[in-house]
Amino acid sequence: MAKRLIPTFNRILVEKIVPPSQTTAGILLPESSTKLNSGKVISVGPGLRGTEGKHIPPSVKEGDTVLLPDYGGTQVKLDDKEFYLYRDEDILGTLHDN
Amino acid sequence: MAKRLIPTFNRILVEKIVPPSQTTAGILLPESSTKLNSGKVISVGPGLRGTEGKHIPPSVKEGDTVLLPDYGGTQVKLDDKEFYLYRDEDILGTLHDN
Amino acid sequence: MAKRLIPTFNRILVEKIVPPSQTTAGILLPESSTKLNSGKVISVGPGLRGTEGKHIPPSVKEGDTVLLPDYGGTQVKLDDKEFYLYRDEDILGTLHDN
Amino acid sequence: MAKRLIPTFNRILVEKIVPPSQTTAGILLPESSTKLNSGKVISVGPGLRGTEGKHIPPSVKEGDTVLLPDYGGTQVKLDDKEFYLYRDEDILGTLHDN
Amino acid sequence: MAKRLIPTFNRILVEKIVPPSQTTAGILLPESSTKLNSGKVISVGPGLRGTEGKHIPPSVKEGDTVLLPDYGGTQVKLDDKEFYLYRDEDILGTLHDN
Amino acid sequence: MAKRLIPTFNRILVEKIVPPSQTTAGILLPESSTKLNSGKVISVGPGLRGTEGKHIPPSVKEGDTVLLPDYGGTQVKLDDKEFYLYRDEDILGTLHDN
Amino acid sequence: MAKRLIPTFNRILVEKIVPPSQTTAGILLPESSTKLNSGKVISVGPGLRGTEGKHIPPSVKEGDTVLLPDYGGTQVKLDDKEFYLYRDEDILGTLHDN
């Protein structure tokens, strides 16, 4: 039975994107194009709380492709799949196709 | 006589879930499915206080299944049963069956 | 002449409960039932102050049975009896008979 | 000419109480009754300031008998008498005769 | 396919300016004129959040030429080009031609 | 030409009082009466700023005789005379003749 | 082409004043009169921001002669001239001719 995790506070559950090391046509990609440490946002917490307790929504949302820091993040295994929890302030930015 | 603990502030009393290492039918489960560090919330404190003293309710509630950090938590023994106290900000998220 | 101490701020004066190591009928209790580090609240301070100086009442009150942390607390001797001062945020919870 | 010190902020000027080591009738007191580290409040500062600059009056007042921490305090000599300055948050409580 | 990064919070994406070591006419420039550690702002985050969650816009904007600190900044590679992420409070100032 | 210093924020410019080691009549004073580390306030800054930028006036004023801490203070030489800058929170109190 | 730097936040761009080691008439000045670490304010940032994002103007302004701390400050070279950036809270005071 699949488990779903709803993070607390400003925690963000991320599935890391493993970049393909060759194209679908079988051409090996040069190393530089595989380096970006990015992930897909799976679920987000309700956000931190302001001084009077109101939630401040996190800066990224479900489905976003995000740039991750090289270090940090807490590994979580749900149904044999690896995920990572980050605080939203540690996520460097969102990635978009031009 | 059983003792009941009502935590202070944003402390959360948790009973750890010991995952079954075999199914009820006696089939041994692979190690990976037993690894999640989770627990059941037994009781919660009234929450931290905002700048003017109002309580900010904690982010989890009695009965929640929660994902716990690998380290931390204060062990408490009540009537020979082991429990753990966590600050609600240290609890990583709530677990739900899909 | 007996001395009475009224703590300042969120300090809590506690008299530790020494658990009986045998029942009144003389039966030795197993070690595990004597381990809880608890105490009786003797007096409480008016509480910390919010940003504008108003007192935020402490989270426990006179007469409460409280669960204490394993470390910390300041020993105070009043009229040859030993007491301990704790900050109310260091008290783990209140204990109640079910 | 005698000097008077008015402390700044939440500083408290205290004269330590040296407990008599024998009663006025000459009976030596047991050591345990002489141990309390207490003092008399000589003068208090106007208190710390809240975020908008208003003074928050200190938690003890002139004439109070106070319980002092074992360490800390700044020694001040005025007219050959020894006094100690404490921050009001370091004073443990006020002592009262029952 | 080109990737675009929108930084989170007060992060600023900067492309460093590599100063020409000779003029377009081929005259070698003295070392002192090549030393300034500056960059072009490529994109900016929405800014940090105030106590109630409102964004505080960052202090520099897209297109600004900025003076960078000698240390710090997180290297990011997008489409084989090198960029740097800085917190806006770490950027020393904006550079303008007189 | 004499220089005048107006301190910034809650800085206080102090001229230390060197206690006479003998009375004007030539009688040597015992060491204990010369020990107080005091000074005269020469000029004060406008004070720190509250959260909205308003100045919070410092706790001492020009002309006050102040009790100084044994350590700290920044030495400043103006027109060959030695002065000391203190943060107003480091000044222990004001001294008054009874 | 001359570059102009507008500092961010409460940063202050300062040009240090090198005191003449002899008078214009050629008389060598004694060492003590050359020691003051002072500078001229060249440009100031818009100031830090309060909790709701409003700028709090810095405590010194363009053209002020300021007393600098002995340590700290970030060296910046603009058009071969040396400048220093300070946070306005690190500037000790403003110097005025009486």
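Lettered A, B, C, D, E, F and G in written order, each chain numbered from 1.
Rule of thumb we're sticking to: contacts are C-beta pairs under 8 Å (C-beta built on N, C-alpha and C of every residue); 3 or more make two chains touch, one makes a residue touch a chain.
Chain labels with UniProt names: A, B, C, D, E, F, G = Protein groES.
None of these values were measured; they are calculated from a predicted model.
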Separation of chain D from chain A in steps, with touching chains one step apart: 3
Given chain D and chain G, the chains that contact each of them: F
Centroid spacing, where centroids are CA-atom means, of chain E and chain F in whole angstrom: 45
Centroid distance [mean C-alpha coordinates] between chain B and chain A, Å: 25
Intercentroid distance (Cα basis), chain F paired with chain A, Å: 56
Per-residue overlap in chain B, given as positions that touch at least 2 other chains: 51-52
Chain-level touch network, classified as line, ring, star, complete or other: ring
Sequence of chains encountered when the ring is traversed from chain A in the direction of chain E: A, E, G, F, D, C, B
Touch list for chain C against partner chain B, complex: 32-33, 35-36, 50-52, 54, 56-57, 59-60, 67, 69, 88-89, 91-98
Residue numbers on chain C that touch chain D, as the complex places them: 1-9, 11, 13, 45-46, 49, 51-53, 74, 76-78, 80, 85
